[in-house]
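Consider the two complexes below, in which chain A is the common component and chain B and chain C are the respective partners.
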Partner chain A sequence: MTRFLLRKAVGMIGVLFALTLVVYAAFYLAPGDPAQLACGEKCSPAQVLQVRERLGLDAPVHLQYARFLQGLVAGRDFSAGTGLLHCPAPCLGVSYRSGEQVSDMIAARLPVTASLAFGAMVIWLVLGVGTGLLSALRRGRLSERLLTALTLTGTAVPVFVIGLVLLIVLCAQLQWLPFPSYVPLTEDPQQWFWGLLLPWFSLALIESAKYARLTRSAMLETLAEDHIRTFRAYGVSERHLVTRHALRGALTPVIALTAMDLGTLFGSAVLTESLFGLPGLGKLLVSSVSLIDLPTVVGLVLVTGFCVVLANIVADLLYAVTDRRVVLG
Partner chain B sequence: MSDELLVDVRDLVVEFPVGAPAAAPSDGGHLRAVDGVTFTLAAGQALGIVGESGSGKSTVAAALLGLHQGTGARTGGSVRVAGVDAATAQGADLRRLRGGLAAMVFQDPLSALDPYYAVGDQIAEVVRVHRTVSRRDARARAVQVLDRVGIADAARRSRSRPHEFSGGMRQRVLIAMALACEPRLLVADEPTTALDVTVQAQILDLLHELRAETGAGLVLVTHDLGVVAGSVDRVLVMKDGRAVEHGPVAEVLGAPREPYTRALLAAVPRVDAPQAPVGPADPPRGELLLEATELRREFATRGGLTRRSAPVAAVDGVSLTVRAGETLGIVGESGSGKTTLGRMLVRLLEPTAGRLHYRGRDIGALGERELRSLRRELQMVFQDPASSLNPRRTIGESVADPLRVAGESDERRIRTRVGELLERVGLNADWYHRYPHEFSGGQRQRVGIARALAPEPRLIVCDEPVSALDVTTQAQVVDLLGELQRDLGLALVFIAHDLAVVRQVSDRVAVMRAGRFVEQGDADTVYDSPQHPYTKDLLAAVPALDPTEATARRHARLAAV
Partner chain C sequence: MAPQEPTAGEARAAAPAAGRRQVWRRLLARRTARAAGLVIALLLLIAVAAPLLSAIEGQDPTSYHNDLLDSAAGGVPTGSLGGVSADHWLGVEPGTGRDVFARLVHGARLSLLVAVGATVVQVTIGVLLGLAAGLGSRLLDQLIGNTTEVMLALPSLVFAISLMAVVPADFPRPLLLTLVIGLLGWAGTSRLVRAQTLSLRQLDYVAAARLAGAGRWRIARRELLPALAAPVITYAAILLPSNVVSEAGLSFLGVGVKPPTSSWGQMLSGATTWFRADPMYVLLPSAVLFATVLAFTVLGDAVRTELDPRAASRLRVGAARQAAASPTGPPTGPSVGLPVGLPADEEATA
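== the complex of A and B ==
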C-alpha cells in the first residue's frame, strides 16, 4: 500500500512536470504578445517594453521556465508597482493581466467548480445507475427500450443544447427556477442549491447516459454469473439477489469510473460554466488562454492535472477496497 | 429402505428455446435437452447420473430444484422432491424446496460463491432464508457447518472471502452451505471435476461420511465413472437426453448391458492396468533431443497490500531428458509447477537457473531472435482449445500461421498443406473457413494439434491436452497423439494431472510436486511399484471403477489418516 502510493506520487510529479513543459512550449510557439495584451491597446512601445521587463518576458524562455520552477519549489519575489511582492513556495506566479497571485485566483474559483462537479455527480449517479438497473431488470420489455433510447439521446445532445433549452424553458418561460448563479455554500445553502440545480442537471444528463449503459451491462453480466445461480438455488428471493449480490458486483466499475470522471470534470466543465456564467476554473482557463496569461494557464493546468491524476489513484484504491481480490501493485 | 420416495421423477422432458431472441422465446424452435427420464430415489439412498457433456445430466439436476422455472425452458412430466412438485411450486414452497428440503452442491467452486462476501456471511444468508433465527445464530450455524466439513479454525476462516481458499477448501464451503439447513436431499453437480485427485478423494469421502451421518439422499451428477463407483448405490447413464441404462452400481459398471455404457467404460483410462503403449512397443532409444539440468524458475509474488514481494520457485531444480520418438509423462497436482516446466522446455519462459540443451546446443539463455529458428522444432499444445484458438479467425488461418511465420507465402501451397494437416488430425480439409465455435471441444483440440504439427516439429509439449474433454473424446485425442508419434517419430512431453491418462500415453513418467521431481522412471515401474510416499498417495486416491475396490480404497484411506 505504502509502496503503491509512493510509486503513484512519483508518477504524478512526473506527469505534472511534463504538463508544465508542454504549456510553456505551446506558449512560446503561439502568436501574440502577452506584454502588449497586458498593457492594453493604447500603450506606447516604450510602455510595452517596460511591462515586458517587469513581467520578465524579456528573458529567454528557458530562463522564464527556470524561474517558474524555482518559484514552485522555493518561492520567488515579484516587483509590484513600487515594492516587492513575496510569493512563498509553492508559488504559481502572478497573473500577467491582473497582477493577482495565481494561487489566490484558483482558490477563489475552485469551490465553484467543485460544487458543480460533486452536485452533478450525485445526480448522474442517481439517474444513471437507476436507469441502468431498471433497464437491466426489465430487459426486452418496452420500458427498457424507452429508457435506452432516452439515455442514448442524452449522450448524443451537446451540453450547450440541453443547457440552453432547460434555461429557456425552466428559467425564462416557466420561471420555475432562478437563473443560475453561484452563492457560496457557506453563505446561503438554499441559494447555493437552487442556483446550481440547472447546471447540475444539464451536466448530469450527459454523463448519466454513460453510467446507465455501464450499469446495465455490468448488471446483466453479474446476473448471469454462477454465484447468482447458487443463491437462487438456495431460495434467496430475486429482490435480495439483485440488491445484495448483483448490485455489489455491478457497482465496482461504476465507482471507479465516477472517480475518474470527477477528476476530469475539474478542467473540462468549461462549456457548462460558460453557458451558465459560473465563475469556475474552466471559465478562468478560457479567458486566460485568450489573453496569453501564461502563469494563470500553467497554474490551472497544474491544478486540474493534479485532480485528474489524484482521481485515478482514488479510483485504483476504491477498486481495491470494493473488490478485495485486487492487489495494488 | 424406506417406503417413502424422496425423489420421484416421471417422464421428465426439458426443452430449451434455440435461435430465438430472449424477448420472444415462443417464436423459435426448442432443443430437447432431457427426453423422458424416469427415476426414483428412496430416502437415504444415493444415485449417480453419468453422461458426457451435453447428455442432459445437469439439466436433470437443475430440474430437481425447480431451477428451470422462469428461464424460458419448457418442462414436461413430473418432478416431486420430498412431496413438493418442483416444476410448479411457487413462493414459500419453492423457497423451502431450494436449500431447505434439497440443496445443490455446485461445480466450479470459485465462481459459485459471491466474491464480495465472507463465506460465513454467505452461508448465514442461506440459513436466514430458511429459518427464523437471529443474524448471530445464523452466523454460528455457518461456523458449525464449516467446522463439520473440515475447515480448520472455522470461526476465523468464516470471515475469509472465497478467493482466499484453495479449490478443495472452496468445494468444502459449498458442501457446508448445502448442509446448513439439514436438507433431506443433496444434489451434487460435478462436485470434484475441478479438483486434484487427492482432493477429489477427500471430498468424495466427506460426502460419503455426511450421508451416513445425516441420512440424506444424494444425487451425484458426473462425467467420471470412477467418481460414481465408490459413492452411490444406483447409476443412471444418460446420452442425448435419454436414460440409456439404469441399475445398481455394481451391475452397471460390472456387467453393462448397453453398448453405450460399455463404450463409456472402455474409454476410461485405467491406472491399474499395464497399458499397451500407444508408441512403439520397445522403449525407443532415439536421438537425445532435449536435456535439462537442474532447471529452476522463480516468479515474483506479492504477498498482500503491504508485504514486500519475495520470489517463489515454481520449478526448483528439475533434470530430465527427452529422446526422439518417446513420450515423457509429467504428472502432478495443481501448483506443482508442471506447466511452468513445460513452458520452459519450449522456451516460452526463460529459466532462472540451470541448463537446457536442445540437440547438444545450449538454448537456456538464447534471446528471442536466436530462438526464432528453434521455435518451429519445439511446439506446444495447450489445455483449453477454446481459448488458445483465436475465435475471430478461421481454423485454417490459425493452422496456417506457423507456415506463414516460417516464410511460406504461396497461398496455394499453404491451402494444400493446411488441408493435409487437418486431414492428418482427423478433420475435414474443407473446414478451412470454419470458426472455432463451430467445433466441439475434441475437434478444437485436434485443430490445436494440427497447428502444432504445421512447422514439422521434432518435439511437442502437450499441457493438459485432454483434461477439458469427455472420456470418449479424450481416448480419441490420446490415440491420435500416439499415432502421430509413431508415424512422424515425434518426441512428446505429456503434462497432466490425471494419472491414468499419463500412464496410458507415456514411456517414462516423472511425478512432480512443489517444483521438483519426486520420482522418475519407466511408466510401468513407477505405477506398479511406486517408491516415493507421495506417488503412493496419488495412486491410492485414484477412484476405482469397481465398487468393491472403491470401498476398500476408501477404508484404506480412512485407516491411513
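== the complex of A and C ==
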C-alpha cells in the first residue's frame, strides 16, 4: 500500500512537471506582449519596460520557468509598487493582469466549481445507479431498449445543448426554475441550491446515462458469479442477495468511475460555467486565456491536472477498498 | 497497478470478425445503422454542396441583412419564427441578419471537416506510437508509455482552450482546431494499439513471420496492421462523434473558428444571449448538432457490434470478471464537457 502510494506520488509529480513545461513552452511562443497587457493601453514604452522588468519578463524564458518552479517549491517575492509581496509555497505566481496572487484567484473560484461538480455527482449517481439497478433486476426487452436509447442520446447531447434547451423550457418558458446564479453555500443555502439546480441537472442527465449502463452491466455480471449462485442455491432471498451481496461487487466500478469523473470535471466544467455564467475555474480560464495572463493559465492547468491525477489514484484505491481481489502493486 | 497484460483471449477478440463485405452486409441489415448511415450520408452531401445549397436559396453565410431586424427590439429578426421567409428559409441571425440556413450548411462543412481530420490525426499518431511501443525496445515502450500517461492526465479541455488562444490569429482556424483536437486525443488509441500489439505478436502466425526472417517493419505492416484494423476502426468510430462535440464546444467558448466563418457551436454561443427573444435560433443549431452526433454514435455502436461481437455481447450480458477487476483502463474523457481525450465509454473503465 505504502509502496503503491509512493510510486503513484512520484508519477504524479512527474506528470505535473511535464504539464507546466508544456504550458510554458506553448505560451512563450504566444503572440502578444504580457507586459503591455498588464500595463494597459495608454502606457508609454518606458512604462512598459518598467512593468516588464517588475514582472521578470525581461529574463530569458528558461530563467522565468526556473523562477516559477522555485516559487512552487519554496515561495518567492514579487516587487509590487512600493514594497515586496511575498508569495508562500506553493506559489503559482501573480496575475499579470490584476496583480492578484494566482493561488488566491483560484481559491476564490474553487467553491463554485466544487459546488457544481459535487451537486451534479449526487444527481447522476441517484439517477444513473437507480436506473441501472432497476433495469438489471427487471430484465426485459423494453428496459434494455430504453436504456440503450437513453445512453446513446446521453452521449450524443453536448452539455451546452441540453443546458440551453432546459434553460429555455424551464426558466424562460415555464418559469419553474430561477435563472442559474451562484450564491455561496455559507451565505444562503437555499439560494445556493436553487441557483445551481439547473446546471446540476444539465451535467447529471448526460452523465447518468453512462452510469446507468455501467451499473447495469456490472450488476448482471456480479449476479452471474459463482458465490451469488451458491447463495441462491442456499435459498437466500433474491432481494437479500441483491442488496447484501451483489451490490457491493456491482458498485465497485461505479465508485471508481465516479472518482475519476469528479477529477476531470474540475477541468471540464468550463462549458457549463460559461453557459450559465457561473464564476468558477472554467470562467476564470476563458477570461485569462483571452488576456494572455500566463501565470493564471499555468496555475489553472496545474490545479486541474492535479485533480485528474489525484482522482486516478483515488479511483485505484477505492477499487482496492471495495474489491478485495484487487492487489495494489 | 501496471497496465494489465492482455490475455490471448483479447487477441482473439481483436482478430477481424469476418470479411469486409460480410461486415458491410450485416451493418446494412441493421435498421438503426441504416438510418444513421443515411443521416451521415445526407450530412456529407450537405457539407460538400454547401455553397451550392446556399446559392440555390440565393443567400450567402456572411452578408448582413440589417433591414430584416427590428432595431427597436434590439436586433431581433422581424417576422415569425426568427424571420422565416421565402428568401430566408430558416430565418436570419438576430443581431446581424445573416442567413441561418446558409450558416447551418456551411457549419456542417466545418464540423465534418474538423471532426474527420482530427480523428485521422488521432488514429495515425495512436497507431504509429502504439505499434512502436509494442514492437520497440523496452526503453522506447517506457518513453511512449509515460508520454501517453501524461496525455491522459492532461486536462484536455483546459489545454485545448489555452492552445487555441495562443496561436496567432492568422493561422487558419479550422486547421488549428483539427490539430489541437487531434494532438490532444491520440492517447487512447495508442494504448489500445500497444496492448493489441503485445498480444498479437505472441501468436503463432506472427512468430512464423518472424522466423521466416521478416523485419519489424514488415511484421507491423503485413501481419499486425490487418489484425489491428477492427479494433482501431471501432475506436475511431467512437472518437468521431466526440470530436464533433469538441469542435462545437471550442467554438461555443469562442476560441474555435472566428466569425465570419460559421460553426454550429459558435451559433449556439450567440444563441445564449438571444434565446428569450428568438428560440428558433437556439433550436436549429442544437437540433443539427444533436442529430449529427447521435448518427455518428449510433453508427459507431453498430460498427462495434459487428467488428467486435465479443466485446459487444459482454456489454449486454456482463463483462468477464477479470476485466472489471482491473481499474487500469484509461480514464474516461470528460464526457460532460468535452471528450477531447477519450470518448465516454464504459468499456474504457470496465
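Criterion: the second predicted complex is superposed on the first by the 317 of 329 C-alpha atoms of A that agree within 3 Å, B and C clash if a C-alpha of one lies under 4 Å from a C-alpha of the other, contacts with A are read in each partner's own complex, and residues count from 1 in each chain.
The definition used in the following text is that a residue touches a chain if its C-beta (ideal position, glycine included) is under 8 Å from a C-beta of that chain, and two chains touch if they have at least 3 such contacts.
What you see is a predicted model, and the numbers here were worked out from it, not measured in a lab.
Colleague: Once the shared chain is lined up, is A:140 touching chain B (first), chain C (second), both, or neither of them?
Modeller: The answer is first: A:140 touches chain B but not chain C.
Colleague: A:224 in the overlay: touching chain B, chain C, both, or neither? Say first, second, both or neither.
Modeller: Once the two structures are laid over each other on A, A:224 reaches chain C alone.
Colleague: Where does A:323 make contact in the superposed view: on chain B (first), on chain C (second), on both, or on neither?
Modeller: So A:323 meets both chain B and chain C here.
Colleague: Using the superposition on chain A described above, determine whether A:233 touches chain B (first), chain C (second), both, or neither.
Modeller: A:233 sits against chain B, while chain C stays out of touch.
Colleague: In the three-chain superposition, say which chain, chain B or chain C, touches more residues of chain A.
Modeller: Looking at chain B versus chain C, the one contacting more residues of chain A is C.
Colleague: Mind working out whether A:152 is in touch with chain B, chain C, both or neither, as first, second, both or neither?
Modeller: It touches chain C, and chain B stays clear.
Colleague: State whether A:55 touches chain B only (first), chain C only (second), both chains, or neither.
Modeller: Neither chain B nor chain C is touched by A:55.
Colleague: I'd like to know which partner A:112 touches here: chain B for first, chain C for second, both or neither.
Modeller: neither
Colleague: Overlap the chain B and chain C contact sets on chain A and report the shared residues.
Modeller: In chain A, residues 4, 225, 323, 325, 327-329 are touched by chain B and also by chain C.
Colleague: Within the complex, which stretch of chain A touches chain B?
Modeller: Residues 1-4, 139-141, 225-227, 229-237, 244-245, 248-249, 320, 322-325, 327-329.
Colleague: Within their complex, state which residues of chain B touch chain A.
Modeller: 21-23, 65, 67, 94-100, 103-104, 106, 108, 111-117, 122, 125-126, 129-130, 161, 163, 174, 177, 302, 304-306, 308
Colleague: Mind listing the chain C positions that touch chain A in their complex?
Modeller: 1-2, 146, 149-150, 153-159, 161-163, 165-169, 241, 245, 248-249, 252-255, 265, 268-269, 271-272, 275-276, 279, 282-283, 286, 289-290, 293-294, 297-298, 301, 314-319, 321, 324-328, 331-338, 343-344, 346, 349-350
Colleague: List the residues on chain A that touch chain C in their complex, please.
Modeller: These residues of chain A touch chain C: 4, 11, 14-15, 18-19, 22-23, 26-27, 29-31, 120, 144, 152-153, 155-161, 164-165, 167-168, 172, 203, 206-207, 210, 213-214, 217-218, 220-225, 252-253, 256-257, 260-261, 263-272, 274-275, 285-286, 289-290, 292, 297, 300-301, 304-305, 307-309, 311-312, 315-316, 319, 323, 325-329.
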